[in-house]
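So that we are looking at the same thing, I have put the structure below in structure tokens.
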Amino acid sequence: MSILILSGSTRKNGNTEYLATKAVEGLPHTVVSLADKNIKPIVDMRHTEEGFSPVEDDYEEILQLILKHDVLLFATPLYWYGMSGPMKDFFDRWSQYLRDERFPFKEELKKKKAYVVITGGSDANIKGLPLIQQFNYIFEFVNMEFVDYMIGVGGKPGDVEHDYKALEKAKSWNKQLG
Amino acid sequence: MSILILSGSTRKNGNTEYLATKAVEGLPHTVVSLADKNIKPIVDMRHTEEGFSPVEDDYEEILQLILKHDVLLFATPLYWYGMSGPMKDFFDRWSQYLRDERFPFKEELKKKKAYVVITGGSDANIKGLPLIQQFNYIFEFVNMEFVDYMIGVGGKPGDVEHDYKALEKAKSWNKQLG
Amino acid sequence: MSILILSGSTRKNGNTEYLATKAVEGLPHTVVSLADKNIKPIVDMRHTEEGFSPVEDDYEEILQLILKHDVLLFATPLYWYGMSGPMKDFFDRWSQYLRDERFPFKEELKKKKAYVVITGGSDANIKGLPLIQQFNYIFEFVNMEFVDYMIGVGGKPGDVEHDYKALEKAKSWNKQLG
Amino acid sequence: MSILILSGSTRKNGNTEYLATKAVEGLPHTVVSLADKNIKPIVDMRHTEEGFSPVEDDYEEILQLILKHDVLLFATPLYWYGMSGPMKDFFDRWSQYLRDERFPFKEELKKKKAYVVITGGSDANIKGLPLIQQFNYIFEFVNMEFVDYMIGVGGKPGDVEHDYKALEKAKSWNKQLG
């Protein structure tokens, strides 16, 4: 299985990316840092006659990566009890590309397997649950299998390296993905 | 009470704004459409020595508006079971301004009253609940009173005008706010 | 539409029942107070050879009432952030009666419309949401339409009579049900 | 640390109890099967002059066990997306004993550490989350530390023995509790 990590962090080498890469250690994978890409917010044109028009940014490059991989691992720090803004802008644009006949996006999403990694403070184990529920609704909507999620504890850089329960879970994913 | 509507919609005259303005009909209020403003995503500098530095965008203009109003009415369509990307980017930047000594942001937020309007499809009544929980955690974090929320039903333009339960609720807010 | 109120309260004339009966004021309806009935907890026999056997209590009497009505209005105070114990025991036994060929329970539930009334303290508006989600999963499981829910505020006897938003909502249900 | 498992299952040797006992393997612990005890539902007397009066059942025996242990491990199968009825009746009665001056219940609960084990079908990982949120609100209310939770997959007897992720988590709890 080919693996694509979609990272929502806006910090280099953060806890979220650490956990995500632990889960795929030794396995071929690609990482896209959404914050490093130019992703414009959606402009909702669903109810207009002209519909959506192509946008000048890096979106289609990411789209091509998604189409090519079997497993999508969404990794985001908990920002204000949700996914990061760059990741949210990324998802919002799905409304556009699910309608774009140039890409078999809708059909392909159904075949993907989704994993979610969240990291946050010591209360993320509870306060991250609405975000897990949101991810679930997203994946349900596009008929993508939601295989598993994990919520790691880590605020300051390096914190999550001490969250041995999350590290154990990363190991078990590694086995499953290998 | 002075009222500020912070609108996350990316469409003009949408259902969300319709409901939000119904709630403040006849009362002085200001509307900011976040999608019309230049709001850059956060870059997480919390754990660096230099910290955050000023950003060239429209954020501080919105901040000044927040400081001046007593009631913040957050209005967002349900995009992928969350708030819209532009509104998420708006919240993410709170992490920066809560640390910016040029503004009494932290102290002032505690005195505000928050209302939330969400609109979405017929399942928003349920699938919008994780977003309500997220808003609650946000407001708890900054010690702002979460007075009430409503979830209106409306996908296509004009739909929500037929959601009489939401319109009734807007009326009761109007009474409370007046 | 014939209406059955299934009440989970363990107190007479409580806030929950007040709201529920407001919603059906002037409309023919039946009220069952689950706490007044003898409802034994489930004993899970799903995985045994003999399966479930008939239980000596009042359950089948309630079952007959359910079968006869079109609208089921579940009304429960928020006890420890969930439905009351007597109501939970009531739902648990569904596992038995969905398998009991003497009753067309499974087929009939699909035709019912469900309403939910919860009352609780001032934080019930948020802390009652997991219970709303639970009710939603229950109704989804049996393919019953979940029409609407309301969360009233009321701890002490009579409190909810001052929750005019809940009373407004009860009125709008009354119109819908009439 | 002395450990008390409060089991909500109504089946012998079920998946939930299997996971819970794995977590405490090799450590001294006590198991109470709530369904085997006579626990009467609460009768809400909070707002009456006379208040609660003693109830003839096994409750005080369980109360004494709680007072004597440091760690409370709540283990329940997911019944209709919530805790089992016998466990719900158990919690409802807390309203009575938090007011009963014969027991230092309120003070002692603050010193306990809570763990939660849930098992359910393959969707329990998501549909069990409202129950986790409910447990969290319960523990918050009584100021008890909510250390961790796990959601195992297992419907039929023995299923959970194949949920190696849950078993790994049980191991990590075992280390933490030992």
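Think of it as A, B, C and D in the order they're written, each chain with its own count starting at 1.
Just so it is clear, contacts are C-beta pairs under 8 Å (C-beta built on N, C-alpha and C of every residue); 3 or more make two chains touch, one makes a residue touch a chain.
By chain, UniProt protein names: A, B, C, D = Multimeric flavodoxin WrbA.
Just so it is clear, the structure is predicted and the values come from calculations on it, not from any experiment.
Colleague: Shared interface numbers for subunit C (Multimeric flavodoxin WrbA) and subunit D (Multimeric flavodoxin WrbA) above half of all numbers used, same, or below, different?
Modeller: The interface of subunit C (Multimeric flavodoxin WrbA) with subunit D (Multimeric flavodoxin WrbA) is built from mostly shared positions.
Colleague: State the superposition rotation angle between the two copies subunit A (Multimeric flavodoxin WrbA) and subunit B (Multimeric flavodoxin WrbA), fitting on C-alpha atoms only and giving a multiple of 5 degrees from 0 to 180.
Modeller: 180
Colleague: Find the geometric centre of each of subunit C (Multimeric flavodoxin WrbA) and subunit D (Multimeric flavodoxin WrbA) from their Cα atoms only, then give the gap between the two centres in Å, rounded to an integer.
Modeller: The computed centroid separation for subunit C (Multimeric flavodoxin WrbA) versus subunit D (Multimeric flavodoxin WrbA) comes out at 24 Å.
Colleague: Any idea how many Å lie between the Cα centroids of subunit B (Multimeric flavodoxin WrbA) and subunit D (Multimeric flavodoxin WrbA)?
Modeller: Centre-to-centre distance between subunit B (Multimeric flavodoxin WrbA) and subunit D (Multimeric flavodoxin WrbA): 38 Å.
Colleague: Going by the contact rule already set, what residues in subunit A (Multimeric flavodoxin WrbA) reach two or more other chains?
Modeller: Those would be 129, 133.
Colleague: Which of the residues in subunit B (Multimeric flavodoxin WrbA) end up touching subunit C (Multimeric flavodoxin WrbA) in this complex?
Modeller: Interface residues on subunit B (Multimeric flavodoxin WrbA), with respect to subunit C (Multimeric flavodoxin WrbA): 125-126, 129, 132-133, 136, 146, 148-149, 164-165, 168-169, 171-172.
Colleague: Subunit D (Multimeric flavodoxin WrbA) touches which residues of subunit C (Multimeric flavodoxin WrbA) in the complex?
Modeller: Contacts found on subunit C (Multimeric flavodoxin WrbA): 9-11, 14, 35, 41-45, 47, 77, 79-86, 88-89, 91-92, 94-95, 127, 129-131, 133-134, 137-138, 141, 156-157.
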